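The data blocks that follow each hold one structure.
What follows is chain A paired twice: with chain B in the first complex and chain C in the second.
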Partner chain A sequence: MTFTRREAFGLGAGAAVFLATGLRLDPAVAAAEDAMKSVMDFAGGQEPAAGKVTLSAPEIAENGNTVPISVSVDSPMTADDYVASVMIVAAGNPRPGVATFKFSPMSGVAEASTRMRLAKTQKVIAVAKMNSGAVFMDSKEVKVTIGGCGG
Partner chain B sequence: MASAKPRVKVPKTAAKDEVITIKTLISHKMESGQRKDKEGNIIPQKIINKFSAEFNGTPVFEVDLEPAISANPYFEFSMKVPESGKITFTWVDDDGSTYTEEKSIEVTG
Partner chain C sequence: MSAAYRERDDAMISRREFIQAGAAAAAIFGASGFGDWARLAAQQRLSEDDLLGVEPFGNVTLVHLTDIHGQLMPVHFREPSVNIGVGENAGLPPHVTGAEFLKLFDIEPGSPWAHALSSEDFVALAKAYGKMGGADRIAAVLKRIRAERPEATLFLDGGDTWQGSYTSLMTKGADMVEVMNAMTPDAMTGHWEFTYGDEHVKELVEALAYPFLAANIFDNEWDEPVFEAVKTIERGGAKIAVIGQAFPYTPIANPRWMFPNWSFGIREEEIARHVEEARSGGADAVILLSHNGFDVDRKLASRVNGIDVILTGHTHDALPAPVMVGSTALIASGSNGKFVSRIDLDTGEGKVRDIRHRLIPIFSDVITPDPDMTALVKKVREPYAAELARELGRTDSLLYRRGNLNGTWDDLICDALIEVREADIALSPGFRWGTSLMPGQAITVEDLHNACAMTYPEAYRSTMSGKLIKDILEDVADNLFNVDPYYQQGGDMVRVGGLGYTIDIGAEIGSRINDMTLLKSGEAIDPARDYIVAGWASINENVEGPPIWEVVETYLAAKGTVSVKPNRSVVIQS
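Our next item is the complex of A and B:
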């Protein structure tokens, strides 16, 4: 198989583009893996079940610098049965960890709100851990118009 | 740079065992460690890394913060009021300084 001059150039350019995008993709993949790893660490190796926990976030966030989010977990919040903690993870951020809320029976209800940064359109994940060790998960896709990390 | 100013909103009174909503805010840049200055050097991370609320010394609510929390970290959470007492709020900065705020709540009826 022989290349003409033109074909050879085309191939070279293609390879260069492939390499560049490949390199650019890497950190994102690593961040997503990081996110999954931190979820698994938090869950203590268990597969988080659906339900119980509800994550509220806007469908479209115009400004990624302050995205209001809130979590609520369905729990009686008594001394024997309460939500121990809720972890928020943003897999598409340069660093996926966002915050960990720690509740106690004194909380009354397991609800909390805050404002977070999102670098780009991505899935935000909330993982709730009960005092019994059971783990539940919810996620929301948030579209971001202007990213909120770095500059 | 002790410019961080906490603000807390707690009702003054509550019925016994009522669940109240508490809102807290502290002015802080939450420098993420991702931004660069004009020369292209990374601006080092400086954030509030921990927030906690205690009622008469018993932990009520706690947050471990990461740089992904927005500037001027805001939290809204709940507390069940068992009796009259004091709620203490503490924020811990990356540089080691802590900021505290205290509010009293009275149980009526």
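Our next item is the complex of A and C:
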């Protein structure tokens, strides 16, 4: 029997994804480029500012296959001043785009949560676009680990 | 050195006598002509009053006990000689060891304090000062504090209480619940507790005479809290809010399949929310009863305002003074029952005005046991008495586990895995629990279980590529030496047998582990080649193999007496 990482220490399904991405030519570079491109496209070419957006994600994923994240944006959500959309990007995934949430003043608050698959340790990015066109960003490093030796 | 130890052995009839007569002891140690213990001459008499006596201060007393790992009887536990801090924590306590630690805290080498808190001259001083801990000694200390401070004492258990001994494994933690119920903490939190599985944990929590607090455990389907998060307790005319924080990385460091519906994490924002609620609800003092690990708590204290005291746990550090982060006092109370911390608070009008702290070393030969607890411990151990005492072999050398990179207990376990499971390489997890065994002692079933009693003990045997072995070492090293404490899991490095390597602690993941060598051939590890690897404590479900204690028992039966040489195959690259 040949031991994979998963059988040895239980990385979980993240391991399978990790191996799969290994088939691509230099996938890390490709994915990071994809991620930056989608952020810039979403932001309409401008550099997103820090602030307003809060991305919550675990520091270390308990299960790389289903990582819970939530995002909230500080906004009065009135007809004059509201969050139009929030995009979530996983910079290290083979397909970095995770989700885009659309909001309107009727939303009341700009908050959303979802679960995502993470291929490996990487930066997760949340970008919020206001109705004014202003763009804000937050990011968090989420580690995907083999685990099993703590305590 | 063994000749010198033996000399002292002959001269020493009773440890208690020894401690009570420092001057005589100094003569013995002085005659040995090496080591720091000659300076025992400076030692004062040591009595229970010296250990416990303290000028009462303030209006509330906290008593903190943590990480006793099922140890009901006094034990030897060698503190680490290697405990490296990284990033902002480099060189800060608890990442100071040995002689440097003694210097930092102005502790006389060779003194009881030096023995309790450092690895210096461990064997000699262990013979001098005896074992530490024991539930009946802890109960006696607790009784005395409660008598001194009636209606003003809060006793808090930081967790890792129900696991780590033969009897805790056999009774699935029930022995510890019975003993702790008799001591009645005001609250506890947990970590290894969860390795009895979610159903059983819930049953045991039901059986507790006090709340099990965990602000950071949520049902992963509905995101609802699994346990109570906060308990507000009135003592000494003040309202004390205690927030519980279980080990954040339990589902990563331990088998998630044992509690598949529970999600953990640091969840800093949850703690901040509870602190704010407690403050606005009129709490005079806010205490975090934490199993985060020391560096995680140090970072947390710098980011979450309003916590007066963090009772730290998990990383098994013992510090004779609080570490202050802003106005938050971090308390480190050691492990295995060696210490309890007493923290006196002057608190009221919504704030803590001042604190006094005392780390109380539980020298088992100095503190008079509480007879009720002695009887209770005897009762819970009675059904297993014969098996506990069964001798499996002997050791000529000190067996200890704690330390970042290796320890002789795991070297022995790895030797057993390689020989009994016929492997090239052995892996043994970097747990921080596991008591120490003195040279010349028999190794009993109890001793062996103190190093491996847990609910997923299967010793697997398989093939792994050189690359996979490196990936594992890199991954574990990053869990230990990541510069951001929030990414640290608080264990030590996975121990290896049959394998040598160098480690560049300050490097990035992927570049720390170098010069991997298969010791039996002296050849470099080939990333593409498969090696036979034996190990234990896999966090996967349905792992096949005999329990690790059977493997070690088989090995000891064949060897009779073991002598474990210091491991020189794992080298820190400077």
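One rule holds in what follows: the second predicted complex is superposed on the first by the 120 of 151 C-alpha atoms of A that agree within 3 Å, B and C clash if a C-alpha of one lies under 4 Å from a C-alpha of the other, contacts with A are read in each partner's own complex, and residues count from 1 in each chain.
Keep this in mind: a contact is a pair of C-beta atoms (placed from the backbone, for glycine too) under 8 Å apart; a residue touches a chain by one contact, two chains touch by 3 or more.
Since this is a predicted model, take the numbers as computed values, not measurements.
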First, second, both or neither for A:Glu59, with chain B first and chain C second: second
Touching partner for A:Gly45 - first (chain B), second (chain C), both, neither: neither
First (chain B), second (chain C), both or neither touched by A:Ala90: first
Contacts of A:Val98 with chain B and chain C, given as first, second, both or neither: first
Contacts of A:Lys143 with chain B and chain C, given as first, second, both or neither: second
Partner chain(s) touched by A:Val109 [first = chain B, second = chain C, both, neither]: first
Set of chain A residues, in rising order, touched by both chain B and chain C: 148-151
Residue ranges of chain C in contact with chain A within the complex: 191-192, 220, 223, 247, 249, 251-256, 263-266, 269, 429-433, 462-464, 468, 471-472, 475-476, 478-479, 484, 486-487, 489-491, 493-494, 509, 530, 533, 535, 537-540
Interface residues, chain B side, partner chain A - complex: 19-20, 32, 34-36, 55, 58-71, 73-80, 82
Partner chain C, residues of chain A touching it in the complex: 1-10, 12, 56, 58-60, 62-63, 68, 121, 141, 143, 145-151
Residues of chain A that touch chain B when the two form their complex: 65-67, 70, 77, 90, 93-95, 97-109, 111-118, 148-151
